[in-house]
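Next come the structures, one after another.
In what follows, chain A forms one complex with chain B and a second complex with chain C.
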Partner chain A sequence: MMDKKSERRTIKVNYMARVEGEGGLDIKIDDNRVSDVKLHIFEPPRFYEAFLRGRRFGEAPDITARICGICPVAYQMSSSHAMEDALGVKVGGPLRELRRLVYCGEWIESHTLHVYMLHAPDFLGYPDAIALAKDHPEVVKKALELKKIGNQIVTVLGGREIHPINLKVGGFYRAPTKKDLRELAENLKRALDIARETVHFTSGLPFPDFDQDYEYVALRHPDEYPFCEGRLVSNKGLDIDISQFSDFIEEHHVEHSTSLHARMKGRGDYHVGPLARYNLNFDRLSPESQALANEVGLGPVCLNPFKSIIVRAVEIFWAVEEALRIIENYEEPDQSCIEMTAAAGTGHGCSEAPRGILYHRYKIDDEGLIRDAVIVPPTSQNQGMIESDLRKFVQQYIDLPNDELQLKCEQAVRNYDPCISCSCHFLRLRIDRDGVQYDSRPEGST
Partner chain B sequence: MSTNPKPKLAVWKFASCDGCQLSLLDCEDELLAVADAVDIANFPEASSAVVEGPYEISLVEGSITTPHDAERIQQIRKESGLLVTIGACATAGGIQALRNFKKIDDFLSIVYARPDYISTLDKSTPISEHVYVDFELRGCPINKMELLEVLNATLHDRKPNIKSHSVCVECKLRGTPCLMVSKGIPCLGPVTHAGCGALCPAYNRGCYGCFGPQESANTPALSKRFQDSLGVTQPDLVRAYRNFNAYAGAFRKEAEKHETKA
Partner chain C sequence: MSQSERTLIIGVGNADCGDDAVGPKLIDELARRGIETVDTVRSAGEPSQLIALFDRRATVYLIDAVEAIQSPGRIHRFDVSERALPAEFAQPYSTHGMGVHEALELARAIDSLPPIAIVYAVEGVQFEPGAAMTPEVQSTVAVLADRLVEDLAMPATSPE
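For the complex of A and B:
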């Protein structure tokens, strides 16, 4: 594909596989220098912020869950917290614990899906987990078992794994009994071993040298590894209440994407997701999780985005531990939810989706109808970062032939576990090297 | 298994949340067996390997919302033997079909600073408005066991055994007392297609219509009950029908009827 005589080459990935949604990549190389990188997002727009207007505040969790089938719990949590904030209600006690438990379930299933089925094939040279299963059936079977346990938590608490029906503003329609949770605990104990093996498995993968000086942004809670509460902090001095989100972060609309790009005002791109959470909250992990991370040589700070796969594995292990802790201490609540009456107000919600912070803001009127909605998903926040990684990464590996470079670029994009459905949603890589076009999926193909 | 070459399966995505195709990966106990029975030839969410068509089975997720997608589905139809739509987006236009009741330009300017960068149709439409569909699997999301049943039936050359009664019947089968009768909670169960196993009522919540209208849904009778005995206001009634299956026949008509009166 590469023409060594010419001076400009183009690599295009028209439709990128193993990401959630529809995106592509255009890379231009002139005289062995990367001149342009564009992450194209052509996920068709679905206009959530528009049709949320005029809906009841209580409908937001069910409607926004449909933005993403991979992380519906994150949408339900951020929207519920935003509504509770608008109405001045705080959900505590066992209901708060149950919310953390269902979030553990989503992290376990989403991270396991990404680690084994979407990302590990890149490191090991397979097109997918099914091909991987032919050579390593026991690895894939255990992965499926781990993923299933995550889904089981969501199903027991939420009714079903995709678009759970039991989560609402104020709590739950029906709280689980102690007995409901007991069976989960048995399975979770087995999951703990698989999760530990996953940390060892991922740390043994081959990693390129690619440490980066990012601004990491994540929630930080006084005592806990973060899910739904805390201040928004960064390693470069950001420390704000989530209600100040829009004072510090702005969204841009660029021509090559149906997803808006988020940037820190006056500072530029920033990084959200497992790496950011881990680097800013290592001290909030359980001692066992910290010990495990140290055991595999990860340490308290990880600056290489390719190693995010190990960080995800550590987070799976932690989420399994946390789920077990919650189940052990669970006391059935007197009420399954806090009832709320409508009042005018504005509320903010921010939670740590598997891929990073998911911010919601709603303005509601005195009838409880939504007047304005703002939703900033993790992938829109990481888009700028992905492009900047690729610019540096391609430069570092500029001598590789286009097809190998393409595989490396796709792997670099998958470091972010991009959820393009969320960010609005597809990948297809195009490299323009000295004017010679390379296209992984030519126009006209379906 | 027979010695015939395995049928090729493709999974296609249009405007959607990815949840219905994720249902296939969520079949943790069955996924490897499915991969043994069919050749997963084109499934970008799960694999970077693509085998060229034609495909014996195409699963289509998502609704048609852009001029490019309206062309793409024609090409997919040509390459597909059996074309099965999975989920409320592909079968009824999805939640994004709420735009069908508004002016699209207003929607565009609410979300995007530069509407001129966006290419979109003014309506979100189901796949069946564009090409012939062999089977429609409902749900937001689909029930993964129903998906396995469709694949299984196809492999054995029989009709899929998918229930077509209402959620009401599923409550009776499950032994859940009627929420409307016993607690006065509004519930779309009497007019909603089965498939979820009557989940919501079992969790103390009225059905909110994820699987769309069942055939011969008596929506006027339910609306009367909602308004006369349960105190549901007209705007709330319209909102109840206008969800993930807002553009599906019976729900669309019933909402329009009450919207004009309001």
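For the complex of A and C:
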């Protein structure tokens, strides 16, 4: 326990494992009060918005997919929808269903990776997934099996599992056959059982009391749990067309991050991701998914960000169900994509990446060349929220020794499954507690 | 011969990222030499994919680039059948801090590591997207292919 009479304490996590990209965390504690929290993102700026300028509109999905190896489909979906919006084209029928199917694959693989390999070790007191696997090999075997089916879906529809190459503005280069998808269905039926077990597994983890009054922001579709379409809504009155994104949400630069922060104009930080989607769209989940969530005591609203691990598990179950539904009803399209002619215009696209809403806006000229691009990834939007959580969370656990506090902080950051490459692999935590410095990764260490 | 008895050689890396291409280029070189007694595959190194590739294999070789510790082009051979990669070669450079080392150790923990697992690690210095391989690493491709041919001709547990 810390000496309460000391004046300043600093905890620094220089690099935190099990997040995507490079970042660190500095926490200052003065007289047992958290005085400052900074989520440092020092991943170099990647300038995607700049080098998209002058490229053809059809290149955006393949270029932006390279932003992230975990959620490339999200980038392909948001950019394709934005270009189609600019050109006045609507993709429907089997092509729309195939887009939902490939997104199911991405959610399954990304969420499964996070639930079992990145976040579960925190709850169970293991340093990493390898240590967890040594004690619980059967759990990890099933996790790998579940992730594999997500990878398979992306491979069959996308041509390969990382940075898929078969998706394009207007649809696909090649549409899968019924036979291609039937082979997936057999594995998905097995995955449904593992996904159900995953919901039960996550719901049995120990959770700190940490209910929060966030503004949740997500897409909401009239009929469906959202992927690529719908209005942008919140639990605090936001209800806008995605074309109004920049009217209500602004990006701003902070000195300690190479990634822009986003905030709701006049309101401040907001929360995107599985918890936001779930709380705003519970009624759009399948009856089976709703029943499963209720069965484990989650209910229609979850306000504790640590329980986002259960929500991710419910979303995995739903995505497996949805993938099966799409495959059972699949009719091969007459053409694999809708061809379109270049025309000047501005288009908006917003889709639900595994980590939350991913907004794209493009302005193209009459030759189809990109003149302006804006990309707002989910982790950018959640940075302020992560810092806000840590201010409250550290205060709640302020008497813990620094090393235990560090683990709690890392767990809290991982609630957001932050992808710093999209907006960071390691996070360095530094805590300044009444002037006493703590550094999880001192200079010169590896 | 059933597939599980065929040795699998996995070229890990990104063919478009400078020296990271050494694994994929080695696979190309084996194809060029017409070596048909083994199976070969390229991989980005994602752990769940690697573990799926290990399934029912008796022998697996992984060829990967590592950030230069001593000199670019230096080749290291590790028998990881019984023990983990040395710490300096187990750095998590891949997505979410999970790469070849994590795949091997996860596989070991769930009893899915092939009985014989060998890693060839080649030191590189240039890993930027779009970059060419450095001459030092480029020249190791033929050397690696020769060493694999020698390995395949003898029990795979030869000294490092």
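Here is the rule we go by: the second predicted complex is superposed on the first by the 435 of 446 C-alpha atoms of A that agree within 3 Å, B and C clash if a C-alpha of one lies under 4 Å from a C-alpha of the other, contacts with A are read in each partner's own complex, and residues count from 1 in each chain.
Convention: a contact is a pair of C-beta atoms (placed from the backbone, for glycine too) under 8 Å apart; a residue touches a chain by one contact, two chains touch by 3 or more.
The structure displayed is predicted, hence computed values, not measured ones.
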Chain C versus chain B on the shared chain A, clash or fit after superposition: clash
Touched partner set for A:284, first chain B, second chain C, both or neither: neither
Which partner, chain B or chain C, touches more chain A residues: B
Which of chain B and chain C A:111 touches, first, second, both or neither: neither
Partner chain in contact with A:408 - chain B first, chain C second, else both or neither: neither
Partner chain(s) touched by A:307 [first = chain B, second = chain C, both, neither]: neither
Touching partner for A:62 - first (chain B), second (chain C), both, neither: first
First (chain B), second (chain C), both or neither touched by A:133: both
Listed stretches 56-64, 218-226 or 254-262 of chain B, narrowed to the one that overlaps chain C: 56-64
Intersection of chain A interface sets (partners chain B, chain C): 17-20, 66, 69-70, 109, 113, 117-118, 128-130, 133, 137, 140-141, 144, 147-148, 151, 161-162, 425-426, 446
Complex contact set, residues of chain B against chain A: 12-23, 25-26, 28-29, 31-32, 35, 40, 43-50, 53, 65-66, 69, 72, 75-76, 79, 94-96, 98-99, 102, 106-108, 110-114, 117-118, 120, 124, 140-141, 196, 199-200, 202-205, 208, 210, 236, 239, 243-244
For the chain C and chain A complex, residues of the former touching the latter: 44, 46-49, 51-52, 91-93, 95-98, 102, 105-106, 109-112, 129
Contacting residues of chain A [partner chain C, same complex]: 17-20, 66, 69-70, 109, 113, 117-118, 128-130, 133-134, 137, 140-141, 144, 147-148, 151, 161-162, 425-426, 446
Chain B partner contacts - residues on chain A that touch it in the complex: 15-22, 43-51, 53, 55-56, 59, 62-63, 66-70, 72, 109, 113, 117-118, 121, 127-131, 133, 137, 140-141, 144-145, 147-148, 151, 159-163, 165-166, 173-174, 252-255, 258, 260, 336, 410, 419, 421, 425-426, 441, 446
